[in-house]
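Both complexes shown next keep subunit A, but they swap its partner, so subunit B is in the first and subunit C is in the second.
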Partner chain A sequence: MLELDAITMRFGGLTALHAMSLSVAEGETLGLVGPNGAGKTTLFNVISGVYAPSGGTIRFGGQDVGALPQWKRARVGIGRTFQIPQPMRELTVRENLRVAQRFGAGKEDPAALDEILDLLGLAHKQHADAATSLALTEQKALEVGKALAVRPRLLMLDEVLGGLEMATKRTFARTLETVRARFGLTMVIIEHDIETIKALCPRVVVLNFGQLIADGTPEAVFNDPQVIRSYTGDTPA
Partner chain B sequence: MLELILQALYSGLLAGGYYAMIALGLALVFGTMRIINLAHGELVLLAAYVAFEMERSFGWTPLASIPVALVVVGLTALVIYLLIGRIRQDRELNSLILTFGIAIVLTNLILMIWSADIRSTSNSWFMDGVVLGDTLFSMRGEVIFCVIGVLLLAATYWWLNHTWQGRALRAVASNRDAAKLMGVNPARIEALSFLVSGVLATFAGVAVYTASVVFPAVGHNLTIKAFVITVLAGMGSVPGVLLGAVLIGVGETLTTTLAKPSLQELTGMVIFLLILFLRPSGLFGRKGMVKK
Partner chain C sequence: MKHRMVVLVALVLAYGAVPLLLGSMDYVMSLIIAALTIGGVALAWALLGNLGGLVSFGHAAFFGVGAYTSAILVVDHHWPVLLAMVAGGVGAAVASVATMPALRLRGPYFALAILAYGHIFRILAVEATSLTGGAAGMLSIPGFPTLLGINLASKTGAYALILTIVLLFAWLYGLIRRSTYGLALRAMHDSELATRVVGVPSTHLKAAMLVISAFMTGVVGAFNAHQINFLDPEYAFASSWTVLPIAAAIFGGYRTVWGPVLGALVVFLVDQLVFKELMPSGHQLVFGVLLGGMVILGPHGLLPLLGRWSKKEASHAGA
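After this line comes the complex of A and B, so read on.
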């Protein structure tokens, strides 16, 4: 479904992604991990169109989407969340989802919105002000809800569980699994909590200094000496 | 004395109606693009001069000239938007310089085409007196454009809250990056906000031409007035714009009645500073958004 070929991203003299190639199959749930500054969010930004890569190609569903602006990538089915929730602060919770559905999915479907709100536990807050009425978990749920309302085929979650208490994190992770199964999504998840990654992702990719250093099952990846070194501070050879 | 004060309040209320029309266009553009269009007053002025030209050349009433003014001002607003779209860095700051330059160009174009003479409608129907309750006097043009102003504000409020373009505009105003990831094309929404701003400027310009006088240098004053009301309102708030406009209108007319006409402009500034001192984000302000 998603094929990245030799993606490079430079910011002046800093190369954040080094000729990275990666494929994600339809229906797959991929965990994207790595130390801070490894390039995980940069990769999301490149795929979703926030950044234009310095080199390489991005194919989604067989189509080269590298030249599409962000809003068109949303319309072809690439949904994402931000690490820090980005609600439309002047709209209610439901209006946030309605705008995403109308412009991203191209049509209104109130029943689908009701289902998303129910799944994410936001139904009772749907008419609340998105700026002031939501607790952190609800803000994170709204972030996922906006991305779902676009009717994505690929959903990229950037530390959507970050900052949550362990019990809440577990519940939220189960919700994500339900959402994935219900909407038949392909998911890429950035997450620091290894247990959560193991629970959600049959395949894990590790980035370090903008390079892909491991790709495999959680067991194989988290026992890989190079991955362990990347977390303990060694620079790559 | 009481009659004079009531008359001042009434005149201020009427002035507030068309002040609101002048300010709302600026507020919309600021809300969506974080851009202060310093040529907004000149757009208002351009509409006024189109009304003047239609009246002089074809004998049209100011109201009949509105469709022509809509085309001229709407296209000019879109050209300004396209020029702003060419800015690649520091759009908020550089657009100030750009729109200030456009304002100078427009002022001088108006000066070249229509000279520096003071213009006002020669249509006496708009200047006929309307007496309310035996004591409150106004010109018919003032009443008509106050009503049009309030209706336009109500229509804009409805449009922002009950149409897809309006919701998208509020979404872009709230969070441009997140709106893009929701499939909203911000360029189209921003162009739309400029177009709506041009529509509001058109009605405001025809109102100014009908109820007051215009000359090329007045555009600058109109921009300042619009900016003061916009900030007073809480950048981008529609009800705030109406309340701010009425406050300024009433403040000015009370000053003219109770003190000196020469202090009129100063009063607006004092109200502005006072409210900003007490409520730095404006009457309805949170953080500079287009709000319900």
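After this line comes the complex of A and C, so read on.
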């Protein structure tokens, strides 16, 4: 479904992604891990069109989407969340979802919005002000809700569980699994909590200094000496 | 139901009471017409600011282009005045397309770029002598016709015309604001990234708001040209056609539909009828202090402030 070929992203003299290639199959849930500054969010930004890559190609569903502007990538089915929630601050929770659905999915469907609100436990807050009335968990749920309202085929979650308490994190992870199954999604998840990654992702890739250093099952990847070195601070040779 | 009654009473007052009570006072009617003219531009400016998230210092350009387009069509090509006024709006909308490269800029950079465009249009009006009459301007621009038995060239007629224009624009603004497009545009004001990532073509929507805002400003500019029957580039592209509407919109509440119109009426009429009488020279200083006070005490403007007061009163009455 998603094929990245030799993606490079430079910011002036800093190369955040080095000729990275990666494929994600339809229906797969992929964990994307790595130390801070490894290039995980940059990769999401490149795939979702926030950044134009310095080199390489991005194919989604067989289509080269590298030249599409950010808003068109949402319309072809790439949904994403942000590490720091980005609610549409002027609007209520439901209005946030309405805008996402109208523009991302192309038409309004109140019943579908009700289902998303129910699944994410936001139904009781649907008329609340998105900027001021939500607890952190609800803000994260709204991030996911907006991305779902677009009717994505690929959902990219950027540390959507970050900052949550362990029990909340487990509940939220189960909700994500329900959502994935209900909408038949392909998911890429950036997450630092290894247990969550193990629970949700049959496949994990590890980035370090903008390079893909491991790709495999969670057990194989988290026992890989190179991965362990990347977390303990050794730079690659 | 209550809202409809309020609207009905306001319309009766605006179309009935004002002409009946003040129609014989030419000076006051002129001031009200001028206030509504500023209000129309303030409304258009606020639409771009509120829904497009863009602060424009260049609305004088759209005002001037609208005024000249309409005047030239009537004087040189004998178009009917009211049709030419609509064409004035179209002319300003077309002119706004030339400013669209500035949409790539944000915040003060956009504001300054569009200010520069305003100067370019003024220079063009000065240099295109065969079309515009150059610096000498255009004299004897035909006034408004008589429509349905109402002489629109009279003070009362001109008042009814500019009032109708402003009401139509406010209705259109409200319509856009309540639509899903309006939701997305309001969201873009503070969270553009959040809107783009869910498929909102934010630059396209901003461009659409710029065109609509320019159209509205152009129609008001055209109205002004046929009301005063004279144009020159210094007047038509004067910075006051940008500054006064901005001040009025901020004073009244630029994030509301009616705030800019209310702001224009209060700011201009109080300045001209009260402060100018008390301080014939330098009365603008008082207005400056008033505007500063409003920004400090009620940064959202007069209309939201009045809304809060009336809510407080209602809650006290209910207690």
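Everything below uses one rule, namely that the second predicted complex is superposed on the first by the 237 of 237 C-alpha atoms of A that agree within 3 Å, B and C clash if a C-alpha of one lies under 4 Å from a C-alpha of the other, contacts with A are read in each partner's own complex, and residues count from 1 in each chain.
Keep this in mind: a residue touches a chain if its C-beta (ideal position, glycine included) is under 8 Å from a C-beta of that chain, and two chains touch if they have at least 3 such contacts.
Keep in mind the model is a prediction, meaning the values are calculated, not measured.
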| item | value |
| --- | --- |
| Room on subunit A for both subunit B and subunit C (clash or fit) | clash |
| Subunit B versus subunit C as contact partner of A:48, first or second or both or neither | both |
| Partner chain(s) touched by A:58 [first = subunit B, second = subunit C, both, neither] | neither |
| Partner chain(s) touched by A:32 [first = subunit B, second = subunit C, both, neither] | neither |
| Partner chain in contact with A:90 - subunit B first, subunit C second, else both or neither | both |
| Contacts of A:146 with subunit B and subunit C, given as first, second, both or neither | both |
| First (subunit B), second (subunit C), both or neither touched by A:206 | neither |
| First, second, both or neither for A:120, with subunit B first and subunit C second | neither |
| Those residues of subunit A which subunit B touches in one complex and subunit C touches in the other | 48, 50, 69-71, 74-75, 79-80, 82, 86-91, 95-96, 98-100, 102-105, 146-147, 149-150 |
| Residues of subunit B touching subunit A in the complex | 164, 167-168, 170-171, 173-175, 177-186, 286-287, 289-292 |
| For the subunit C and subunit A complex, residues of the former touching the latter | 180, 183-184, 186-187, 189-191, 193-202 |
| Touch list for subunit A against partner subunit C, complex | 48, 50, 69-72, 74-75, 79-80, 82, 86-91, 95-96, 98-100, 102-105, 108, 146-147, 149-150 |
| Subunit B-facing residues of subunit A, complex | 48-50, 69-71, 74-75, 79-80, 82, 86-91, 95-96, 98-100, 102-106, 131, 146-147, 149-150 |
